[in-house]
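Going in written order, the chains are labelled A, B, C and D, and every chain counts its residues from 1.
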Amino acid sequence: MALFLVNVLDGFVTGLLLFMLCSGLTLIFSMMGVLNFAHASFYMLGAYFAYQISLVTGFWIGLLVAPLIVGLIGALIERYGLRRVHKYGHVPELIFTFGLALLIEETIQFFWGKSQLPFSEPAALDFAAFAIAGNAFPAYKVFMIAVAMGIFLTLLYILTKTRIGMTIQAALSYPETVQNLGHNVPLVFMCVFGVGTAMAGLAGVIAGPVLGVFPGMALQLGSIVFVTIVIGGLGSLWGALVASLIIGWLQTFATAYDVTAEQVLTAIGFTKPEMIWDHPLQDLWTLTLPQLGPILPYLLMVIVLVLRPQGLMGNRES
Amino acid sequence: MNKFNLMMATALAAGLVAGAAAAQEKVRIAFIDPLSGPFATTGTQGLAIYRHSVKELVNEPGALLDGNAEFEMVPFDNKISAKESLIQLQVAMDQGIRVIAQGASSGVANALTEAVAKHNRRNPDDPVIFLNHSAVDPALTNDKCQFWHFRFDANADIKMDALTDDIAANPDIKKVYVIGQDYSFGKAVAAAAQRFLQEKRPDIEIVGNELHPIGKVKDFTPYARKIVGSGADAVITGNWGGDMVGLGKAVMGAGFDKPIYTYYGATSGITAAFGEEGDGIVKLVGAGQVNPAPTLEAQEFIEAFYVSFPDLDFGQPQMANVAPMLAAAINEVGNATDIKAIAYALEGMEYDSIVTGKTLMRESDHQTIQTVTVQGQTPEAAFDYDNSGRGMVAETVVELASNDSATTCEMKRP
Amino acid sequence: MTIASKTPLTAGSTRLISLSNAMPWAFAALFLLCLPFVFQSNSALTIMNQMAITIVFALSYNMLLGQGGMLSFGHAVYMGLGGFFAMHVMNMVEDGLWLPLPFLPIVGGLFGMVFAFLIGSFSTRRAGTVFAMISLGVGELIAACSVIIVVFFGGEEGISGDRTMGPPVFGYEFLTQQEVYYLTVVWLLLAALLMYLFSRTPIGRIANAVRDNEERAEFLGYSQRNVRWISFCASGFFAGVAGSLFAINFEILTEENLNLATSGSILLITFIGGAGFFVGPIIGAIVFTLLQTVLGLHTELWALYLGILFVSCVMFFPSGFAGLIAMHRRPLALGKMKLLIKPYLKVAIPAITSVLSLAAVLEILFHKRHGYGGDHEMHLYGIAFDSGGYQAVAFATIIAAISLILVSRVLPEIREAWDNANHAEDRA
Amino acid sequence: MSAPAIELKNLEKSFGLARIIQGVNLQIAKGERHAVIGPNGAGKSTLFNLITGRFAPTSGGVFLHGEDVTGLKPFEINRRGLSRSFQITNIFPNMTVFENIRCGLLWTMGYRYSFWHMIGRQQDVTEKAEEILAQINLSSRRNELAGTLAYAEQRALEIGITIAGGADIILLDEPCAGMSHSETDLIVDLIRKVTEDKTLLIVEHDMGVIFDLADQISVLVYGEVIESDTPDVVRASAKVKEAYLGASLEA
């Protein structure tokens, strides 16, 4: 039971972190129709900038400044790159962001090399907040939850209580209403892209000390982010939240419990073949739940798409 | 503009010609390892150790054919891909190189050893020799062994033998958790841990034995929770790269303060990432030792390495043996072209290494037998890793480790 | 994106391919057959084989992207699965199954097709973003399965085999790289021809129609899903053929044959070459293989250059290299190429210089930062110098700046010449 | 008497709370030229979309030659001999004019999903496509990309694609929208020519065109058919006048 509680908390942290990425991605997608393949790369940029800044000023300034720089870079890329490609259509836009992801990864390796960087949590948070049955829960993770919740509430406030937020919200469901933003649509697009990427950058800063800062960190998270928003329903912010939490818990619990295929198969009445290593189904018999953990989101996505192509909470297709 | 362009073109052409002409009295070794991409650090570091040992132990002392020949390292970037490795092998052979060195990734080593065996079977008069400096999947010197492959690192079983010696000597350890990456090497480590612990300390309970997907786990926290929850007194893992950092940080972050035995828990950014938290906790099993330098020559040799390569680590001491042992074999044959004779000369060779002590290339399976040490992370290391101020110091030293270990290898000799 | 079928029609011709269309194929065949007499080394043959395989793969990918308007991030799966299956069959041949090696690609192709049929049943319902995301998810799923299903994928070390164990074909056992080259080339020509012909069948044309306007196609009696599904299966077949050729050439398949990196690079190859043209992927595959293997020998930064090339390609010439070439068809038809030659020559030297010097700036900076242990001696373009100080960077930067200014000076002239060359009547 | 070519029974369509089509009943006999008129926002295009399967109706049914086609996909309805054009030009912009027409022919000429025919070798398709090109006066534009044509030419091409498959029921959605008088005359002649012996359902704003072409006219106001009769009757109908006047006053 104690372990269960710890896992609930851990899964919650993972889910919220995922949501910080997904919310920005969803905002951008809803407003601009662009699925930003490079979104996780901005997350990586955030972590690297924060590391570099923290060398000089310490963690906290990095936490503030790095997302701003990432957002600025995002806005500039929208202005001078994406807008240019926009006229060719959606597929080239997607390809552009894909190329951007490659380029950002290579650029980061150019400046920071290929090894993992020693980016650690600030000393002020480097202690165990509490422990459940010997399992320490780091104060830093409490901080992560606080930041993610803060972002979420701010977003909620902006979307439901401000004029621009309501327009954005309308645009989530009815893309045509984007035009109601007036004639300054390009500026709004640039800002949305900037804010979305800044949020990814912020996620990178706070995730960096926990998940590691290395050139593969974008790739490692990238596809999961897309899978999440597809499961949640493209363009649905609530869907993104639900799917993020589902995936966070799914992965945590899948890893936490050692259910083996052998147990399941024997329970439903099969007998284990004796010479398991020569058996054609050996892989099935030796399968364990933690092994399956990382592919569960993809399986879930395929299932959701087959049964409900618009995603869990999506209301429009494509 | 015109003139500059022309100048560059001629310079380029001249460079190519010079590159082709300078290759005469050199014995070239193709170094096929990742030099770009996520594992570039491993390859770059290995290449540096090779270059350093070639310079200090062979070329400068004139140790190859009485100083009439020199070794030259020719790097080939395989991007840690099996396909690229085979292409680079082909390129290297086309350039006339007949000595291939590789080590990062047992998967690539498997591909290369098969490709080399196939090539030598199809071209019996023009064989190629494969010097494996750090791929430690036991299969390479057991079921998949072949005459042209030589392994200079201690394989996973040998390392586990030494590692479990250390555990067996520690009465505080009653429960062990084994975790590794889900592929041949991870499985080999798990199997060896089980076997040796059963043999040496049947009272130790293995409270967890699991494999996780390689390179796919973003957050090791749930694993760490299980490890802490199991009440383990020690962790054994064969993880490397990002999986090592992730696992180590998560386990220590979850409040685990007992030994974590690793195969690759140091250098390449890992020591820096663990930092202070890893002191006294992270253990590493490996061939030879760096701290304290086992011999005076080793002390000078490693010091010189850090002068030449201040940003890199002297991470895998056994790699410094490859060049001098090859040189000794060539000297015994008397020329560098009869690859078959050189391979026969390498078989059974005994060598006094400055870093791995008494070293023996076992004839039966082409597995090197050498000193294997269990080292612990500490801030009091003379030679540090990742410029982090901390390094690995030998705690348990096993000379000629696993000299009498069995092999399933049935060597077919040409 | 300008993806258009711009090949002239051959209406009324009763031959399979008209003479004018057959000529390029004959030339290509002759050229490929003669190549080994020029490039004799095994590594050159290996690289050419790899190029051929990449071409087949890229052409099959373009059946989706260029012909059918489907952006896939997981096409490596079909090549990889076809290859793995072919490898298992190769091992069965070693155990006594009778199958001459040249027929292996058919087996792998069929497997790729069967798998495409299964995945296509749900992924082709929609095009665009949803299709792209499903392809990504399925790709990641299969790649992750490769380490779990060891029986089929062989885990991390993959599956290997020996191609020489089958029955000899006309006395050939495919021992040498050259024999394999000819086998690969025959399959390259066959596969490319079949894919070309496919684009000229009713379904091939309707695939273009669905790409352009899926709704309109539905009102012409065509189910957009079925059209995409059929293209998808055909594409899966040729991807499987490419996978089998890979199996024959390298005699090993691993996880990397399935993963996102491979899928991504085939997208990059096809796009750089020009997705709107049949020859686009061919050009892309040749350029990419050369960049990867040749440039990769000389610089660690090859992937960075590739990324820059790719992004600038999407931004500035989205129809790829083939599009750049095709742009010149009109001036050529008008007989006005000569108007362009002079300004092109004029821009060539500063343009090449600027590219080289910009690359030099990157190389020097990189060397300064990551060069072997403080050793600042650097060789670039055959010149040895010290990368430690700021002189080298400054020098390269200045040259880059000057040449870029020169390029920008010539640009208006090119633009004017281009306008003139594209107009039937001379402008006063 | 055979079943009507098109029959709508209590057809309804709502988008959320908005009831766009509210219980339309309509019968169009075989060979009839039937026009639908009505003020803006009356639901004319929605009605077309319901008949052709672009939208699924909320309730009610659509029958072609007595066969229930309600809820079928557009391509399934098309295969039952119904073809339509669009209000906003809907062609294949990156293909040549000739290929646009040819795509309209392939299904009905039996080539379907064939990958064993070389399309260039099929004389019958080529000849038929050339014939249609001549009919719509675009032979000279044969090899141009459809996207580069002038607006009026694109409208003609749209009609060409629509009739190419030889469907016996043709639905045209504002074929003359945005055209000059002379262009309109040409298009009307073209429509008359190509819909010979076919059932035609047309939506058009240009009353001249309607009264020129139609045998029967239905008036759609706020999703309801308020009158359906011959042009003369409709012209004289007080109900229609009121509806048009009322609608324009409200607007």
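The rule is short, and it goes like this: a residue touches a chain if its C-beta (ideal position, glycine included) is under 8 Å from a C-beta of that chain, and two chains touch if they have at least 3 such contacts.
If you're wondering where the values come from, they're calculated on a predicted model, not measured in any experiment.
Peer 1: Going by the average position of its CA atoms, which chain sits the greatest distance from chain D?
Peer 2: Relative to chain D, the chain whose C-alpha centre sits farthest away is B.
Peer 1: Can you check how far apart chain C and chain D are, centre to centre, with Cα atoms defining each centre and the answer in Å?
Peer 2: Spacing between the chain centres: roughly 43 Å.
Peer 1: Using mean CA coordinates as chain centres, what's the gap between chain B and chain C in Å?
Peer 2: So the centroids are 36 Å from each other.
Peer 1: As a quick test, compute the distance in whole Å between the mean CA positions of chain B and chain D.
Peer 2: 74
Peer 1: As a quick test, compute the distance in whole Å between the mean CA positions of chain A and chain D.
Peer 2: 47
Peer 1: Which residues of chain C are in contact with two or more other chains?
Peer 2: 144, 148, 303, 370
Peer 1: Please output the residue numbers of chain A that touch at least 2 other chains, ranges allowed.
Peer 2: 113, 291, 294-295
Peer 1: Let me make sure I understand the interfaces: which chain pairs count as touching?
Peer 2: So the chains that touch one another pair up as A-B, A-C, B-C, C-D.
Peer 1: Which bits of chain C are touching chain A when the two form their complex?
Peer 2: Against chain A, chain C makes touches at 1, 65, 69, 71, 73, 122, 125-130, 132-134, 136-138, 140-141, 144-145, 148-151, 260, 264, 267-268, 271, 301, 303-304, 306-308, 310-311, 313-315, 318, 362, 365-366, 369-370.
Peer 1: In their complex, what parts of chain C are in touch with chain D?
Peer 2: Interface residues on the chain C side: 2-5, 8-16, 197-198, 200-206, 208-209, 211-213, 215-224, 226-227, 230, 234.
Peer 1: Please name which positions on chain A make contact with chain B in the complex.
Peer 2: By the definition above, chain A touches chain B via 2-3, 6-7, 10, 14, 113-118, 120, 128, 131, 133-136, 138, 210-212, 214-216, 220-221, 224, 251-253, 255-256, 258, 288, 290-291, 293-295.
Peer 1: Write out the stretch or stretches of chain C touching chain B in their complex.
Peer 2: On the chain C side, the touching residues are 41-44, 46-47, 50, 144, 147-148, 155-158, 160, 162, 164, 175-177, 246, 250-252, 254, 256-257, 293, 296-297, 300, 302-303, 349-350, 352-353, 356, 370, 372-375, 379, 381-383, 399, 402-403, 406.
Peer 1: What does chain A use to touch chain C in their complex?
Peer 2: Going through chain A, the ones touching chain C are 35, 81, 84-85, 88-92, 94-96, 98-100, 102-103, 105-107, 109-111, 113, 219, 223, 226-227, 230, 234, 280-283, 287, 291-292, 294-295, 298-299, 301-302, 305-306, 309, 317-318.
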